[in-house]
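Next up is a structure, given as structure tokens.
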Amino acid sequence: MASNTLGTVFKVTSFGESHGPAIGVVIDGCKAGIPFDESFISKQLQRRRPGQSALTTDRKEDEKFSVISGVFEGKTTGTPICILIPNTDARPADYEAMKNVFRPSHADYTYHTKYGVRDYRGGGRSSARVTAGWVAAGAFAQSILAQKGIIIQAYVSQVGNIKISKPYTELNLADTDASSVRCPDKEAANAMEAYIEQLKSQGNSTGGMVSCVIKNCPAGLGEPLFDKLQANLAKAMFSINAVKGFDYGSGFEGVGLTGQQHNDEFVSAQGKITTRTNFSGGIQGGISNGNDIYMQVAFKPVATIATPQRSLNTDGEEVTLEAKGRHDSCVVPRAVPIVESMAALVIYDHLLMAGI
Amino acid sequence: MASNTLGTVFKVTSFGESHGPAIGVVIDGCKAGIPFDESFISKQLQRRRPGQSALTTDRKEDEKFSVISGVFEGKTTGTPICILIPNTDARPADYEAMKNVFRPSHADYTYHTKYGVRDYRGGGRSSARVTAGWVAAGAFAQSILAQKGIIIQAYVSQVGNIKISKPYTELNLADTDASSVRCPDKEAANAMEAYIEQLKSQGNSTGGMVSCVIKNCPAGLGEPLFDKLQANLAKAMFSINAVKGFDYGSGFEGVGLTGQQHNDEFVSAQGKITTRTNFSGGIQGGISNGNDIYMQVAFKPVATIATPQRSLNTDGEEVTLEAKGRHDSCVVPRAVPIVESMAALVIYDHLLMAGI
Amino acid sequence: MASNTLGTVFKVTSFGESHGPAIGVVIDGCKAGIPFDESFISKQLQRRRPGQSALTTDRKEDEKFSVISGVFEGKTTGTPICILIPNTDARPADYEAMKNVFRPSHADYTYHTKYGVRDYRGGGRSSARVTAGWVAAGAFAQSILAQKGIIIQAYVSQVGNIKISKPYTELNLADTDASSVRCPDKEAANAMEAYIEQLKSQGNSTGGMVSCVIKNCPAGLGEPLFDKLQANLAKAMFSINAVKGFDYGSGFEGVGLTGQQHNDEFVSAQGKITTRTNFSGGIQGGISNGNDIYMQVAFKPVATIATPQRSLNTDGEEVTLEAKGRHDSCVVPRAVPIVESMAALVIYDHLLMAGI
Amino acid sequence: MASNTLGTVFKVTSFGESHGPAIGVVIDGCKAGIPFDESFISKQLQRRRPGQSALTTDRKEDEKFSVISGVFEGKTTGTPICILIPNTDARPADYEAMKNVFRPSHADYTYHTKYGVRDYRGGGRSSARVTAGWVAAGAFAQSILAQKGIIIQAYVSQVGNIKISKPYTELNLADTDASSVRCPDKEAANAMEAYIEQLKSQGNSTGGMVSCVIKNCPAGLGEPLFDKLQANLAKAMFSINAVKGFDYGSGFEGVGLTGQQHNDEFVSAQGKITTRTNFSGGIQGGISNGNDIYMQVAFKPVATIATPQRSLNTDGEEVTLEAKGRHDSCVVPRAVPIVESMAALVIYDHLLMAGI
């Protein structure tokens, strides 16, 4: 089935493999006359890029991109926008050895079972490389939302068992990029970095959590029944490689509360209707209510590790995977712009769906 | 936007309000020649129905249903199946008082803001009443999957802070309906029931967790990139009223693990490829791998409580909501068939998408 | 595949068979607060109904309908509108004889081949009976368009080889229903009626043409590339049973013209840009230009005739079909409201797509 | 709205403008393991290319293409196939003069009205240049169908008022490319070529007709209600620039026939069910019946002519368009591969929809 398109009005179609000539996206459904901000796209691609710091893999992905269509004299024309990002650091030879091997907790086995034929080089289509295209599209959406005052900010809130204990309202999210781990709490950031360094030296990896806050989102986004705002946010986040959990508002913590604790009392503030608490996470009945929308996205540990692992090959024979190639002990710092991008795609799509 | 349809091949369109003449669904995309099992649909509707036990609300919803189209001589014909479920216990007068009031943590305010006009009677379209239609469609899907050996079982794993500590593999899920709280662990079930009774007597409510396991799901379900199996499961679950969180496999717990702990080693068992552990939760790269798929769905506390609450009316004036009407202190026992139904709709849709 | 939904924003899902309890539609994507005009729906259903005049079949379809959802206190609520039309004149016994026979130029053979199981009673799902639901939905759309000044008028322009020779601009379309054949040219109407009477007495039938004009359609409707206005009009018209051809503007006649003859010169009229001629038929590059949109829809002769025919049964044996049951020698007078409805559905959907 | 995607299972998303760096398509929904036949794509692109003969425009479009993704070691992988066709002969300066002018019967006015911003160079997105991408995708589909024995052949059947009088069954369609006008009837071809030459020398243009036949199409393609095979063929053909009419089977001619003449009697031939005549055009009730599918596509005269024309500019002022630039007096010979491609896309999509 054709399943490479995200969105209802603002539709993003993704294409490309990790080691083909390029990856890219086609954005269809964008209105005409919108300034196309290449610099913010570059910035977000840079934040997603491997090799930004000692913490991450040293693959140097070239994040130059070409706009093939849909933009004329700096503005969108209402026609499809194709963005192409060349794969310049492809080293297919590195992957020849993995041709017939199922790497544990990767998509090798399931792709092999489903498709038979697969581009095994660097994970091919299942590689996180393809998220660069999403970030290009998402950064564009984010720049449009920013023009409307809607701000999307993601940050790392947990690495392994090291968590930020404060709620987002007590953090200065402008500090997010102050640490290479993209955690706005300095103390936690230091501990996270030390932990990642340690795992890296051991050839091991860790899971992590990205939290995301959307501010100034107008009331009225979200379509009952099956395009509830939270449902589409969830779907978008679970599209990201390695994501295992998502919650918003009170989330999993809300299970332990009572209705009397959890109900958000409506109050009037400066002539506007708002709520005293925000356990609802800015969404009620699937529709935004104007309060902050906040959510958590749980990532499993990176599957590629630098210690030998036992596995099977395509003939079902036992093999030992030697620890080779690039290695990223913790993916969540680089996932921050991806989470922002997916949130931006969903919010902007819903803004257009709602005709706002 | 038109947002009342779920599914890609097996499409379910929902219609109806809590206090209109009927609610229903149209199922489009069902193959011809499939026996239409009305008894299992009845059974699941009965499990979802309010008023089953002392634990739940006493609204007596009549769960008779009519099949208007698409079934001929007991078999599907490949044409749309319309199922109509009359609303027989509608008491509009009960709701007249709520016409202009925004109930806390309900969808009143957001619907009012988005639509202006709304059927305020019993929540109208935002009422959980409409999930009866989903259960009818989902039970039909579940019965088809059962014929193929694919078993979907949900159960209550947490109420308030009372949790089952054992993994699902150590539970006997056949015992789920032995307790009115639908928790297969007897000890936990007793504690949950006592807690709910206590809250009910206080006019209060609690959140809860539904866990769900899918067994014998073939490998190959799930479509990269944006119809990953977990993404569509998440979207379906977040369509259910009151859901605040979803995870699968290692989920939020996986954040604290390392790659060496978490990677699922491929092993050969009886000539079949499987994995030694199943932190992946039966899905890798968005595609099922043949192992059990397991997930958790977090529900917030029921918003309707039987104690007075402060709120605002549509004119922005402060009002006190008197505690009236039906009251369900814990919704998760009744959510068990809903979670099963949503899982069934997603799995069967993916089975058809994959052409299996 | 699920293929019973028409439209992108204003989505109409059709369900029901000729001899089941009811046929109907679910309209999803309608805005809130729109008055729901039941009287115009009734009027158009009445125009589509068999048995209106001596010219048509004598099946007395009861065109009462129920609105199950989506309308509250006379206005739409933005939730799905389900309209149910009971089948009250079903006479299944009449059709028992046709159970295993492939009627020539009907859908019996193709449904049998595709589905195996089929509701053979009166054509089941392939019966023109289901267009009653489209007319209900289309009449609703037409009433909304009329409020905006957009007028859709269809009429019979040809029956057999009897044609109106004048262009629509020289006809008084208000006279359409003055003749039972719904041809606004009195002379042609008389000839058509005589021809149909003659064929009816012979147990024979004829093809016909419905022309349709859309006035006051704003410029800007139609989406490049694959939702061109004419493409969606064509698709909608070819969804109607018995339609074999469609053209718009100069249509098939335009093939014989030269560019110098055919190009529509832009001119200024009362400060507005228009064109001197309108060979374009109100659409250029797939987008309406504000001029009249006009089109022709060609219907084949009715396949049900009242003379014996030779055919095959499901075992491939030769059989003779006795001439039984209802018989409609010319379907186009009743097709007039269907064509209007399909045009209305497309135009209104495009209006919403264009955000106008 | 996002409207640049055609197809339900085999989805083709088009992007690009006439004078941007490239045009292209993304094909999503293609199965894995299908040989990717570049040579047939090249051949069809060559047939569509301007400048093939003295009859057509002398723009030399470079029809080299790159496959960016989705094909690995010569076979499809089930992931999106992006095909990029560079625009090498773009001469933007030629079009500067047309920046503010509405060319008669082009899309300039409607795009200007709808979008405000537009890439006016050579028609931008509304240029027939973009059909090169459709031909690339369609030729790929056509090559897959050919492997299954399904043959799609289009040819020119009319230019101006010069028609082939014979039905397709009496023509040798292998002779289509023997004439530069792509008419398989030699006598008609000669007359057409002479007529086109004459118009070209006068700076004028003509309309034309492309007929298309699909042989060996299995029974069962086409989905009721709104994806009838003819409805999707019609929609696809009306997506092609300059198309004003479409019919299939008896088409517009069928209007003049009676039911007794038109009904296709079922007969048994070599143990197979077929029909004695084929007025149905191989489709009954929206579903193919295994007979030949044949259709006609009517094209208006080319709007670009080489004689001065009066028009308006974007300020509503009268201007005279000088006859400059490339000129193609008759587009239908080059439309032959486009019609084949659109037919192939629809048929292959329906084959996958039907699960055949």
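Residue numbering begins at 1 within each chain, and the chains themselves are lettered A, B, C and D in the order written.
Definition applied: a residue touches a chain if its C-beta (ideal position, glycine included) is under 8 Å from a C-beta of that chain, and two chains touch if they have at least 3 such contacts.
None of the values given here were measured: they were computed from a predicted structure.
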Chain at maximum distance from chain A, centres defined as averaged CA atoms: C
C-D or B-C - the one linked by more C-beta pairs in contact: C-D
CA centroid of chain B to CA centroid of chain D, Å: 47
Chain centre separation in whole Å, for chain C relative to chain B (CA means): 40
Centroid spacing, where centroids are CA-atom means, of chain C and chain D in whole angstrom: 27
Set of chain A residues in contact with two or more other chains: 1, 3-5, 9, 14, 79, 114, 125, 224
Residues of chain B defined as touching chain D within the complex: 79, 224, 355
Touch list for chain D against partner chain C, complex: 1, 3-6, 8-9, 14, 102, 104-107, 109-111, 113-114, 125-126, 130, 158, 160-161, 199, 204-209, 219-220, 222-228, 230-232, 234-239, 241, 243-252, 254-268, 271, 273, 275, 279-281, 283-289, 298-305, 307, 309-312, 316, 318, 353-354
Touching residues on chain D, where the partner in the complex is chain A: 1-5, 7, 9-11, 13-17, 20-24, 26, 28-29, 32-33, 66, 68-70, 72-73, 75-82, 84, 114-119, 124-125
